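A short write-up of the structure that comes next.
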């Protein structure tokens, strides 16, 4: 087997799990993915349909991606069954840097998928982990048991939903802010992934509270290998310099959370 | 080697009335879709940059997969995604006062479009020159132009008539006789040529029995095409007295010297950035300086065209 | 895997009225200059062999250096060395009763020469078919033919009129539109096509500032040209219903399957023999059998053309 | 530095030694040649003139080729001076297999060049070495001291010249035959290199006397890497299957010593 991560491998889906009506997890075996770092992503070829970036939501002998149904490609992916084939290349990107100590993890929606292998690893390192999860409603919650297993007894899981059907009613960034104000915790780092507006808010909070941040961003991707330029935010390529960025880098991204770019590079307000 | 300034005298290139501090230019379509990344490429050491190829209207390009790594080269069928000229000029506005000329790559599906582009770009002084892409091998309506000398001459003539800037014509290797096309471009008024765009190619995923690219056909770039590109540069400079930007598979200082010896005025770097990152500029510049110093050359002008000696 | 016979049913190819026990054919100009080595190639497992390209008169070819390894491919400017048709037929005389068809590759500088070759070869029953090389990129007077559809049609017509054997026309990738040339060959009466000959290329030794080949230009072969060759085979078989022998950069069973899926009837192996020796035939045959068995295909006929599905 | 022996290296000549009016030895440094086996050859690019196969006549930190002036390329090579450049690729071919014991070495003319590193190595292995050297006349003798040093005290050097100006008067194959008849020696192997007619005769003698043989052959070469077919003798490529052949292989070469092939493949009587 080649060790060039860019060569596409065709892998068989060994399991497909419905997390909730909008989210499924797809399990497969791939030697290179098994060696990925938390926060890295792969380019998934949904054969005959599209190729899209997806974070690894599990890294192990079996790997997984956890996918929200939001458009053509993800809908096609949701139709796949065990034994169906997908193509994968990667893993790509820098991934999260592990910080030992007291950490916060702020996840919005399917952004949690990206953070799951990180939470697994943080547990192995014996970190104190406080996880803030945001969902639209209780029907959108997924993989909660896994997060709770990882956090207990050295941390806590807090949930926010837009409709208040479970946990705090409101945005997860609001939950996080409330917690910061109330407990004045001194996190060694705040990890976050989710919708850009949420990330922007969490970033602003971290700046205000003088907290280190590692934020995993999204952008439209074609090559995944840092040459096509379609994923640029500020002077950075999300696929190669990211997807995980620190505060000094985020400061050079004035557009963060304001607009993103389409396949043609045209700015789209978010 | 952080000191780019000290090696400028050995490496600088003056052509088209422009001054490039070194011969390493970012190739069209590589990263050049936004201003901040172009700025970063220049800060990384590039002597000049060519932007993504821009048309009059926004274009999404081909569906994914659009880029595949074959090991000895890349296969891409980007399909000229771009935000359209107006939007892109707003993007470039911020790029003033940089140390490297900015070359705008453009394409057009008709001469009418070229007239309009020429008029719009003439007054846009962020851009020092225009590279006319008639050679993208995977976009219908563009790939055909570079194969037809009559069309090439006419396109270039039209653009020159309406554009008050140097025009570089980017040639395709997918032709029976590249010298004939080069002549047509020069006859039309081209100030310089770039050789080469990608080589039309395809690859099949045998596990699923389908082309690896959604667009079926793509353009091959990277080391695999270097000997083809060197041949094209040599053939053109053997026949014509026109500045040629060499492009195709350059990865090392060694490769740059090869293109210069083949007759290239300067070179463009593309695929190497996938493997080598933006560090490649400084790495190659250092290699060029070492090569020149070790062999006792005082500047790259002394190696240019050397392989044409009899 | 010494037992070639047992895998024949899966791998055999019937085309041109001939029977190839497997799809691996020795490409023109690779070793095929003497009878004993051709015999050894067949004993090594080849399903067929194409000889060195032969002309009416002996030809020394270009001066050395004629072959250079670039790592991802070879660059050669052999220049069609051969002992001439008469001498070569004496050489081949000894090759009767072998298990693989022998295809004679020929070239001609004029149609008159073709008439003569056709007459001489018609009665020579050691040879099952003739491959017409109009595509050698480094011999003046030959490389031009493949670029001109009128010439190709006329050459093929002339040969067919005077030769009572299947004619395969070997095409060049160094053209603006290979399908157009393929059509011309078929219109002229070609029974099959081979795609592709080498890609015109060159390389420069920067230590001495000279082309690496004495002949300056050469033909690129090997892995570097595989995506170009696959594209050519696919383009031709998408438009025309004619057997195509795929050739260019094949090194593994994987590559053979890729060409078959692109639409090739069988394939030809060249440069791989430099790196892999004559063992490559059995190694690839074993790989083909394993691929078919693992995926549940009962023969290569089931994978042929698969990538054309919509 | 690459380890692909096929990549051409440009090397500087550090020394040029005139062995006799027709033969010069050229010294250069090349890492890959330093690791060659006795009997291997390299393709030497005489820049702007030709590329020709030459055996390594010394294998060490410095390597050498020893070249007889016989035509355009070798004449051009003889004009080269120290500090001039040549291109080299290789080493190519199989080289000699070392047989420990009692060995004969039969060299004709510049064929000795090919056998020199072998003799050096046989000495290291403690073999009993009997060397038979053939030259046109005493003026053509070269590297005799090196051979004598390698052989003494465990062997002998015998010389034949066409004109009898030194040693035995006649062909080296005749000298060898005479010796076989007189001493009936039981060599474990006979190594030979020289003109094809001589090799053929030595081969016939070995067949008659039931001796194992390793003969280094010459043929016109272009690629040196086993694909162009210009160096074929019988079913073998001299560049790849050879240049050293054993008796079972020589038996499949009916043309040996009768004709060779030119660059066009045409048979030329020798």
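The letters A, B, C and D name the chains in turn, as written, and every chain counts its residues from 1.
Convention: contacts are C-beta pairs under 8 Å (C-beta built on N, C-alpha and C of every residue); 3 or more make two chains touch, one makes a residue touch a chain.
Computed from a predicted structure; not experimentally measured.
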| item | value |
| --- | --- |
| Distance between chain centroids, defined by C-alpha means - chain B, chain C (Å) | 34 |
| Centre-to-centre distance between chain C and chain A (centres being mean Cα positions), rounded to whole Å | 51 |
| Chain A and chain D, separation of their C-alpha mean positions in angstrom | 68 |
| In chain D, residues with contacts to at least two other chains | none |
| Overlap residues in chain B, where contacts from two or more other chains coincide | 71, 210 |
| Chain contact graph, described as a line, ring, star, complete graph or other shape | line |
| Every chain pair meeting the contact rule | A-B, B-C, C-D |
| Parts of chain B lying in touch with chain C, wherever the complex brings them together | 70-73, 75, 147, 174-177, 199-204, 206, 209-211, 216-217, 220, 223-228, 230-231, 234, 254, 257-258, 261-262, 291, 303, 306-307, 309 |
| Parts of chain B lying in touch with chain A, wherever the complex brings them together | 29-34, 36-37, 39-40, 52, 58-61, 63-69, 71, 74, 76, 78, 81-84, 87-88, 205, 207-208, 210, 212, 214, 270-271, 273-274, 277 |
| Chain D to chain C touching residues, read off their complex | 2, 4, 6-8, 10, 43, 45, 47-48, 50-52, 85, 87, 89, 222-230, 232, 234-237, 240, 252, 261-267 |
